[in-house]
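Two complexes are shown next, each including subunit A; its partner changes from subunit B in the first to subunit C in the second.
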Partner chain A sequence: MAQLINGAALSRTVSRRSFLAGTGGILAAATLAACAPGSGGSSGSAGAKTYRLLLPGDVPAQWDRISAAVNSKLKADLGFEFNPEFINWKNYASQSLLKFTAREDFQTALSARWLNIAQLIESGALQPLDDALESDKYPNLKASVDQSAFDANRWPDGSIYGIPAVNSAARIHHIVARGDLIDKHAPGGIETFDQLEKFWYDVVQKEGIPGYVKSNSVFDVLGAPTGTLYAQGWESPDFLPLYFSSDSLMFVPSRQAAATGSTDAVPFWEYEPYLESLHRIRKYYEDGIINADRLNADPATIKAQFDGGGAATCWGITDGLDTSGHLDQLEKAVPGATLVSLLPFRDGLAAKPNQTFQADNLVVVNAAAADAEAALQLLDWVSIQENHDLLQYGEEGTDWKAVGDDAYEPVGEYTNFPGYALSWRIPLERKFSRMSESEASWFEWSKDYENFTLDPFASFIPDLTEIEKEHAQITAAIAEFGNPLWAGAVDVAEGLDKLKKAVDRAGLAKVQEELNKQADAYLASQ
Partner chain B sequence: MTTDLGTASENLATADTARRTRDRGSRRTWRGRDYGLVILAAPAVVLLLVFAYGPMAGLVVAFQDFNVADGVFGSPWAGLENFEFFFTSGNAGRIMWNTLFLNVLFLAATLGAGILLALMLNEIRGRVTKRFFQSVIFVPYFVSPIVVSIFLQAFLAGPGGRGGLVNDLLSMFTLPEPSWYTTPGPWPWILTVVKVWQLGGYMSVIFLAAITAIPEEVYEAGVIDGASRAQMALRITTPLLKPTAAILLVLGVGRIFYGDFGTIYAIIGDNGTLFATTDVIDTYVFRALRTFGDFGTTAAIGLFQSVVGFVLVVIATLVQRRYARETSIL
Partner chain C sequence: MTTTETARVRTAQPSAAAPRLEETRRRRRRHRPEPFTVASYVGVVAFGLICLIPFWMVVAGSLTDESVLSQSGYSFWPDPFSLDAYTTIFAGSRVWLSYGATIFITIVGTAIAVTATSGIAWVIARGLPWLSKPLAVFAYIPMLFTGGLVPMYILITQVLQLRNSWFAVILPLVVAPFLVFVQVSFFRGTPQEILDAARIDGAGELRIFFQIVLPLSKPVIAVIALFYAVTFWNEWFHALLFISEPAKYPLQLVLQNLITSVANAADLGTVSAAPVYQMRLAMTVITIGPILLAYPFAQRYFVKGLTLGATKG
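For the complex of A and B:
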């Protein structure tokens, strides 16, 4: 074999110049290839345009199969395909904003007041939808979203900038509890906040697990109008705090504002029930009722803790996902476990909590999109029951089967499509077939606008323009001194003192004055 | 003997300096045969232009009332307004101090640990054992900050935040069990330990490479003079690592105004109780961008950070030239 090898060829040396030129050429070619258009994108099947959209969260299991099925139908119906980009929740706000800024070519995204819709509207980055909605081009969309939902989500300039993607009239923060533990420690059931509190203490003492687990949230403590740890909210859910943004300072308006026309909003610490709530959280923190890592724990860790049987209750919202979001995992960890949705209103189902009916989720259309009409066609297309079901629950038979007229039973692995960022429509949503009785009852209740009281400041959206710098600094102070208070991690008197000094220095007086001025003007205009 | 060894290392450094001076002095003119070098450098130059110099145009945002729809070229000018937010927040001094203090700690600790580990690895005789330990201490470099933060939570907070392994250990000795995630004082030191764990092995490989370049004759001279291995490590190896340490130091100083965002944010997140000692410019900018969505303000802080970083590099280089000319790289 040795003779077969060409020794002369092997021993031939490559010159330094050839080596450098060759290596450099390869690197240059690789660089050019990397910079070539289309190297980072994806293309649809032959002949069909592909439109991008932004969705929050992780890619659902089996997404490739469902996406192919959706695209096949989309192409046949509308002549184009879609290619959603999933962005992790933790980065969604900043990344979606960056993509708008970079004028990237995507059709739709999720936005809301708690994200950055104010900035996007102010900057003209969103397509106003009034003309489209007044036309007859999108009948399915108009039929599946109540006109009152559109009206409640008009911006102060009178325009509609987003399609409300909600599945109930009002989303009420509440408690998802282990039914098996309630049977054991509160056999008479839980109907009031006092009973709930006693249950938490019993569980901590007798089971050795926390009563309630959640990542940090101001709304847990200072309800709007309810908060899982805010006792007063369950007694009389009759007002909503005012704020420039939900991560900034909360203000409490006068209860007579609507009658007098004078808002007289004061910082939250001047409202006794809120102060009492802060002290209660601190006590819960010290007594081990709530998780001590609220400041650091991410939602996935908290969910895993509850689903693994490591807590008696967790947070829920009336979007019909209490049971479907936890039960399967919980049953694997704790055989025989059950779930109950708790809304311990003093007045039970007769409670009429104040609501703005502003949607938590709005699907907005990118003004820089290549084809805004296609975006609305897609929103109309997902408003058809068959298409909605395919996207939301997967392929019938493979991923789910219908139970009765309005329920579904998952039978495959496809779950967790973020319908709230595209396809949630109240009349089209199906209930989880194993939804607990309590959740079914409260979910139905939350779908009826008549069960709520329209807040006097329902469509008031304050304008930040005059106080941008002060607001930014107050928000920074809340992040530093407010968040530890919501977590119960610091002494209330000491923590509040630091917070007050920081927000005073940041310009509280100016911000408070501006809020009252705008709120008074709003009341006068009603 | 000490004097001899010291002279040997100084002679090496002097020879190196002389060679570099000679190279600088010999002016080379463009010759066609260098085209290979040009092609080889081209991708790196292109990358640098596209990703380092090109984006500098975006710094104009720091002086604009940036508007998403109008973009970089259409937004109105705002003068120095964007700089006001940071400097009037009352946090600027603390954040700059945290950035500098943490980076000095990280730089000193990782350089020190790198040299120490390199010296220790160099003393291991068995090739397999040496490679094994080298790999083991290098592995943390590849561990994601997110994973590090989970480790740390398990050690310091435990499930539900009621005490981790460290507190379990402290309780065995009836020592106080701090609530780590609400006590800001120890965090600069905790983060420094994390950085040493992450980068100690990486640094040691760089120093180990420098050690292998030390001529064997120098050690032979030490052996002839009767130096012990410890003496040779201290009197020969350590002084000859000065140029490498100097280069790493200058590079480190250049980034001293850049907080280690990845590690700090992954571990601290939005935990306001720890901001007093851990909030650095990068985490502050990220939070500002995420919560306010104000690109002008965040770009202004970033620009300030870059300018101060540049000034610090220049100062570090000048100081090095003045006091340690033989190890200066610029």
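For the complex of A and C:
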């Protein structure tokens, strides 16, 4: 111990206090200066204002080059620049809510019912857009978004809080399948759900890979109106379940609700086709048709599995990204592979599924934004074809080239800009030049509002205020007992029994009564 | 002659062999491991394997070709062997920048944290009237309550203006109350006689702290430095909250992003069709590798420091 103490040093009279303080101060100042925050605030190059936006997802490859080009044009046209902050999808909901709660200064963000728009509206965090949209200041925006899309996305208070950023009238959940495997195992093609099911079994037995892979989702099983694994939805896609939030309990309204004015919604297990669907999933799980890790598999892993040739089909939605999202990687893993978009409606392209036309993606304007008008100017600016293309596809010639009037062929590395959070507009979207024939056909079909039936509860958005506690407990019960059912991981009778007991204890009766009360009131107001 | 000698030796053997054999037996008995020792070794080796096998699977997976990995899952040996993931990761500048960020956060963060923790702990351990107890309470309260995410977010981004600064990651973790009390316990074990002797020799309080207390406290400082270093190395949440410029992302945030999204793989390197499964595993290896190396260096202090800190006071 004594050797650790330097006796000679003790007798020195040199004070270290000032030396330490001085050195520490200089070091701290230097490091703080070295790591000072960037110019994420409000001043951009050459004194131009820079506005922040929140975008979900990942920084696209080559983003620095494209954002410089966009900012250069934006500055010349509108006198300001933008600086998007990309937040990973997994953290987007919580991070964006935190930034809204802290009243941070940013212009726009993505929101929707499945995110947290209800909370944001209730707390006054969003700017109502009615006045702006009624004015003549934003002609490009108004020209590129159908009025019916605005009307379908009005909040119950009558206001519009977000610009629908969609590239089709309705997004129908469906199946993206390996065309080469269909040619091999179902040479006559797949037009019905029974044929699809047989194909899955053939693939499992003869190829040794799962028929269908996806991360867990209630909508796969209890369709709204279609679900990949929900057979009845492909027969008659004529109703949508009601729910307070998509991670909570699904209710089935009476088919005569619109005529009688009485919703009479019941929990999903009282609807026979849903029950049958649960048994079907359980069978698929046991037979290896679906991936056994549905409960905890993340979408990225599932995509990599399908793209690597590890499954015959995966999930898709009619947003025009089936082929572009998978084909390049799939071809590298399985030379000669092709893709087919399957929507096995009994009535084929004549089907008229029920839809609410509520957008999955709404671009909302932050009430705490430094300059809300600039936010709307930006939304108008990206509604011009040239600007839209620059942001969405990159620089023409370097990143893409036009094919015909409405298609593009990517030739560079720029990809994955989350246009659904800013710039998706139905009339401006270009098709991927290698889009499969089946996808092109269904994508065109999905853009036409006339191909769908307006659901009787189209703009019904239930209010949680009266049942917040019960709703939270039911949501927890669904997470514990419902999710294993959607994954097929538990026996249906046993799992359902546990779920029913849990939601009963959580206050099912009160929630059901409240839902029916609000839905009846909605019907009466129509 | 030789024959006679040999014969003598041979004839002498039976009489000398008996005690030698006995000695050998005794020695063998003495060296024969106890059944408990054998069981302990078997248990420890089995436990070691249980810990090592998943790590090895990660390493093997990171070296297995993506096409096999995505279709057949993990295997014990990398077959076919592929360095694609490592090539892709190190092709771009992102991982190098992230290493720089993580190393800065870890070194500067640990230095500040050890300094702050030692300072607070010494003042608490001194038992000074009007200062030690309030400071102990001040250090103790955050073990029970925190201000919450939103106030911290507002403090860091709007009051301190530390958005996109690595200090936004460092400062919230600079004082860990638990480690303060570990160090307080250790400091209280410093012999009072040594401190008194230093005072008689004319040493001031600062000199006593720097030249007597700290040299005597190397074990506990090594332990808390290791705890802090691991915490800073593994930190991603504060980076997620406060750092939005990809060039300033620490390694763990890059890994977290990669795990949650395929598209991030394209951002790491220069190719759009990156081997996603393989890259996740390779990033894990790259991320945990360096900090694993810190343990052997701190090992000689580790047990002593923990034990002393845990039992005294």
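As a working rule, the second predicted complex is superposed on the first by the 489 of 526 C-alpha atoms of A that agree within 3 Å, B and C clash if a C-alpha of one lies under 4 Å from a C-alpha of the other, contacts with A are read in each partner's own complex, and residues count from 1 in each chain.
Just so it is clear, a residue touches a chain if its C-beta (ideal position, glycine included) is under 8 Å from a C-beta of that chain, and two chains touch if they have at least 3 such contacts.
What you are looking at is a predicted structure, and each value in this text was computed from that prediction instead of being measured.
Visitor: Pick one for A:V59: touches subunit B only (first), subunit C only (second), both, or neither.
Guide: A:V59 sits against subunit C, while subunit B stays out of touch.
Visitor: Looking at A:N416 after the superposition, I want to know if it touches subunit B, subunit C, both of them or none. Which is it: first, second, both, neither?
Guide: second
Visitor: Which partner does A:T475 reach: the first (subunit B), the second (subunit C), both, or neither?
Guide: first
Visitor: Name the contact category of A:E104: first (subunit B only), second (subunit C only), both, or neither.
Guide: The answer is second: A:E104 touches subunit C but not subunit B.
Visitor: Looking at A:E85 after the superposition, I want to know if it touches subunit B, subunit C, both of them or none. Which is it: first, second, both, neither?
Guide: A:E85 contacts subunit C only, not subunit B.
Visitor: Can A:Q305 be said to touch subunit B (first), subunit C (second), both, or neither?
Guide: The answer is both, since A:Q305 touches subunit B and subunit C.
Visitor: Output check: A:K332 vs subunit B and subunit C. Expected answer is one of first, second, both, neither. What do you get?
Guide: second
Visitor: So subunit A touches subunit B in one structure and subunit C in the other; where do those two contact lists coincide?
Guide: 16-17, 31, 35, 101, 305, 310
Visitor: Residues of subunit A touching subunit B in their complex?
Guide: Result: residues 16-21, 23-25, 27-28, 30-31, 35, 93-94, 97, 100-101, 103, 116, 119-120, 122-125, 210, 213, 216, 245, 247, 288, 291-297, 305, 310-311, 367-368, 468-469, 471-473, 475-476, 479-484, 489-490, 502, 505-506 of subunit A touch subunit B.
Visitor: Quick one: which bits of subunit C touch subunit A in the complex? Just the residue numbers, please.
Guide: 66-67, 69-71, 104, 108, 149-150, 153-154, 157-158, 161-167, 194, 198, 201-203, 206-207, 210-212, 215-216, 218, 240-241, 244-246, 256-257, 259-264, 266-267, 270, 272-273, 276-277
Visitor: Quick check: in the complex, which residue numbers of subunit A touch subunit C?
Guide: Touching subunit C from subunit A are residues 1, 4-6, 9-11, 16-17, 31-32, 35-38, 40, 57-61, 85-91, 95, 98, 101-102, 104, 209, 298, 300-301, 303-305, 307-310, 328-329, 332-333, 413, 415-416.
Visitor: Which of the residues in subunit B end up touching subunit A in this complex?
Guide: Residue list for subunit B touching subunit A: 33, 35-43, 46-47, 50, 67-71, 81, 84-85, 88-91, 153, 157, 159-162, 179, 181-182, 269-273, 275, 279, 284, 286-295, 297.
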